[in-house]
Amino acid sequence: MNAAFREPGSGRAADGPGAKAVLEGPDIRRALTRIAHEILERTKGGDAVVLLGIQTRGVTLAERLAGALEEVEGRAFPWGSLDVTMYRDDLRLKPARALGRTEPPPEGVDDRVVVLVDDVLFSGRTVRAALDALNDLGRPRAVQLAVLVDRGHRDLPIRADYVGKNLPTSMRETVRVLLAENDGRDAVLLGPVAGTAEEDE
Amino acid sequence: MTAYLIRNGRILGGEAADVLVRDGVIAAVGRGLDAGDAEVVDATGLVVLPGLVDLHTHLREPGREDAETVESGTKAAAMGGYTAVHAMANTDPVADTAGVVEQVWRLGREAGYCDVHPVGAVTNGIRGEQLAELGAMADSAARVRVFSDDGHCVSDAVIMRRALEYVKAFDGVVAQHAQEPRLTEGAQLNEGEMSAALGLRGWPAVAEEAIIARDVLLAEHVGSRLHVCHVSTAGSVEIIRWAKSRGCQVTAEVTPHHLLLDDTRACGYDPIFKVNPPLRTVDDVTALRHALADGTVDCVATDHAPHPVEAKETEWAEAAMGMIGLETALPVVQEAMIETGLLDWAGVADRMSFAPARIGRLDGQGRPIEPGAPANLTVYDASPRRAVDPAAMTSKSRNTPYAGLTLPGRVVATFLRGRPTVLEGKLQ
Amino acid sequence: MNRHLISAADLTRDDALLVLDTAEEMAQVADRTVKKLPTLRGRTVVNLFYEDSTRTRISFEAAAKRLSADVINFSAKGSSVSKGESLKDTALTLEAMGADGVVIRHGASGAPHRLARWVQGSVVNAGDGTHEHPTQALLDAFTMRRRLGDLDGRRVTIVGDVLHSRVARSNVLLLATLGAEVTLVAPPTLFPVAVGSWPCEISYDLDAVLPKSDVVMMLRVQQERMNAAYFPTVREYSRRYGLDAPRMARLPEHAIVMHPGPMNRGVEIAAEVADSVRSTIVEQVANGVSARMAVLYLLLGGSEPAIGKEVPA
């Protein structure tokens, strides 16, 4: 999911009525560490790996994942950000919104194994937009997908390679990821539909 | 001819009285008059005014009959409460010969809605170079007394001097369109904050004021009458006030639109607000209202300037200048002068009937409402307020700047020498 | 009612910052191998140019094409316009073609206002008469921000024919919105009489203003002004108001020199100044595409424009 068009600094501090935390800070840290290990295993040491976080919270997660990889391997992993706003298929449904940064690492993406990182995988439309955006940046050797939460209900034939937590939900529920860097604390909240326009994806 | 009893109207806005109209003249004025065989027009609560006189009307015929004709323009005049209009000379061909002015005069007579007094051009083709045959026009059936190159300024000082002198022979008056041509080349809008912000070529007040200053001095020097058309700036008012204080024979008119609208109307570049002289600032509007109230400016003249739709549905710079005004003049004057307490109805009668008739030397118009006077009368209901609807105009053209604006008042009846041209608000 | 970008005053401070931030992202696209975004796919942008202005037209054309819009170029020369078609009839034609956005350059001030009342799409003013040229102001502000950072409190000096300059008008308005301090410098004949009401300082003395300037922007002297008694001779104008190397030396070290182009070398700007490292003249061209991409995206990219203003009735 892409939260680039959320009100900046709204913080989600209020969990909303009926929202409950399904992951807390330590759970998130463990999930990212596990994903880091899985990436190293699947990419045979992660030599060609580049992490690209999808704006906004995906970028934070990409940075954390790079840290987790460095902790295991003892060397820095390139990471960057990807804004998919201008590739979205729902652009025409809302007024034009502010753009986030697209800043691939200096190494670029050509011939790399790009791991796209996002907070929530839902319909798959954001990931589709990300694949299109990536296509305009260069030609990776392979593209993989890491998400903190997979909540199901895909509209497109897209699946994640690395999942922090599979979270069965109903369509009416909302899933919100809070990260300390963006929101002041770490948590994944599951709540009933709040009726706002800020539905995931 | 049918007789009419205008019952219980407020004469010049004063005491209620009846006015009996018979054989084209006012037969009696008084309370409780016997109607006899006369048709009764109930004027209870309404204002009875002398028929309005316009010194400045563009009827467009001959030449631009797509915009207005003598017939359509005089119908509009009647609907606005007018019983006499002065038809400006800038037609095609220009009214610079006895032949053209007689043609216009005759067309007015045939239409029969309103007296048409042609204005003769001062110079041939209003080119400002050579005097037109002013005497021939004065001696023609049209009996021209007002001469003007309106639309153009008689900018050559010598030509202006000669014209002022020459028309003395037949008690004529030169009505000057005061606009220094070099200072207004390509000018689009009053030069000030609005023109600066909108990037429209400025039309400086001084271009008007400089000509008026010159002309009042010329008129004083040669002892002639001068009339200043459509005064639009506070500075012009000051100059005219000064000239009158010296005893100059100068008179001046102001248009309804310069009494109500200012240049901020141009903010959307809608050329419906493009006019010559241009709309000025709020301060100018205020000065003009006070000048009309204290008599520095003698009268209201509409400068009714019809244009076809396509002449206004363009870029500002491309658009024609001018606004129609006959049908909205009295409501606008009510809004600007009566509602503000600056004039009473007797004052309006003077500024819109007595004074212009005097300036134009019209015998049968602009006379007090008293027995024996020609029955030129306007019955006006000052109470209703309504939005101006261009589609409802009688004029052939629709270029009113007041569209959508709510204005007071409605002409209920107009009598031209005892015959109703408008009755119950409808053209007869 | 749709929203348009006709005057720099149509942009609030937030709007203006959004355009500049967006332009920054758009600028990255120019550095990529694929210089194209799919954002305006299926949208139609009409370039309606009543004045010859190759640089502005190709800048808008490049911007629209990089966003994948369909671009229709409609220039007055050799078209129905030269056969006497009115602006309104042209507008109705564009309407029938389904233009989502119309970029208009016109010799008459206010033509974009008029157009906006006759078409459904958003109108972008690409220069109207002596009124405004808001995207030029945006690209100028973008250029200044890239060189100097935040514009709040920056001192910008604009020199030349303020009276007839749409660039000056738009820059004064936009820079005031962004918090910069603008000083206009010109001979008194080339100021509007009411310039005192503008949100800027005015001066007749270039040398006095230069040492306090972070930016000096030179305006083109139009050929037709040279013969209309606005100043005695081109040589005198150049001596009093032209920017040459000795004058440039009076500028603070960090200051930049701008010019919207096309330049009259040797008149308002000396060749050595135009070609110096302080000059942003070439950057301004590249930044023009980014700024116009930002404007087109924000006006046409979503369900409704995210910036701009409705036209007054």
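Every chain is named by a letter (A, B and C) in the order it is written, and numbering of its residues begins at 1.
Note that in this section a contact is a pair of C-beta atoms (placed from the backbone, for glycine too) under 8 Å apart; a residue touches a chain by one contact, two chains touch by 3 or more.
Protein identities per chain, from UniProt: A = Bifunctional protein PyrR; B = Dihydroorotase; C = Aspartate carbamoyltransferase.
Just so it is clear, the structure is predicted and the values come from calculations on it, not from any experiment.
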Chain of greatest Cα-centre distance to chain A (Bifunctional protein PyrR): B
Chain closest to the middle, measuring from C-alpha centroids that were averaged per chain: C
Inter-chain centre distance, chain A (Bifunctional protein PyrR) versus chain C - centres from mean C-alpha coordinates, in Å: 39
Computed distance of Cα centres, chain C from chain B (Dihydroorotase), in Å: 45
Gap in Å, rounded to a whole number, between the CA centres of chain B (Dihydroorotase) and chain A (Bifunctional protein PyrR): 75
Residue ranges of chain B (Dihydroorotase) in contact with chain C within the complex: 188, 191-193, 195-202, 204, 267-270, 310, 313-318
Interfacial residue positions of chain C with respect to chain A (Bifunctional protein PyrR) in the complex: 18, 21-22, 25, 28, 32-34, 36-39, 67, 297-306
Residues of chain C defined as touching chain B (Dihydroorotase) within the complex: 86-88, 106, 108-111, 113-114, 128-132, 166, 169, 192-195, 197-198, 311-313
Touching residues (chain side chain A (Bifunctional protein PyrR), partner chain C) in the complex: 83, 86-87, 91-102, 132, 135-138
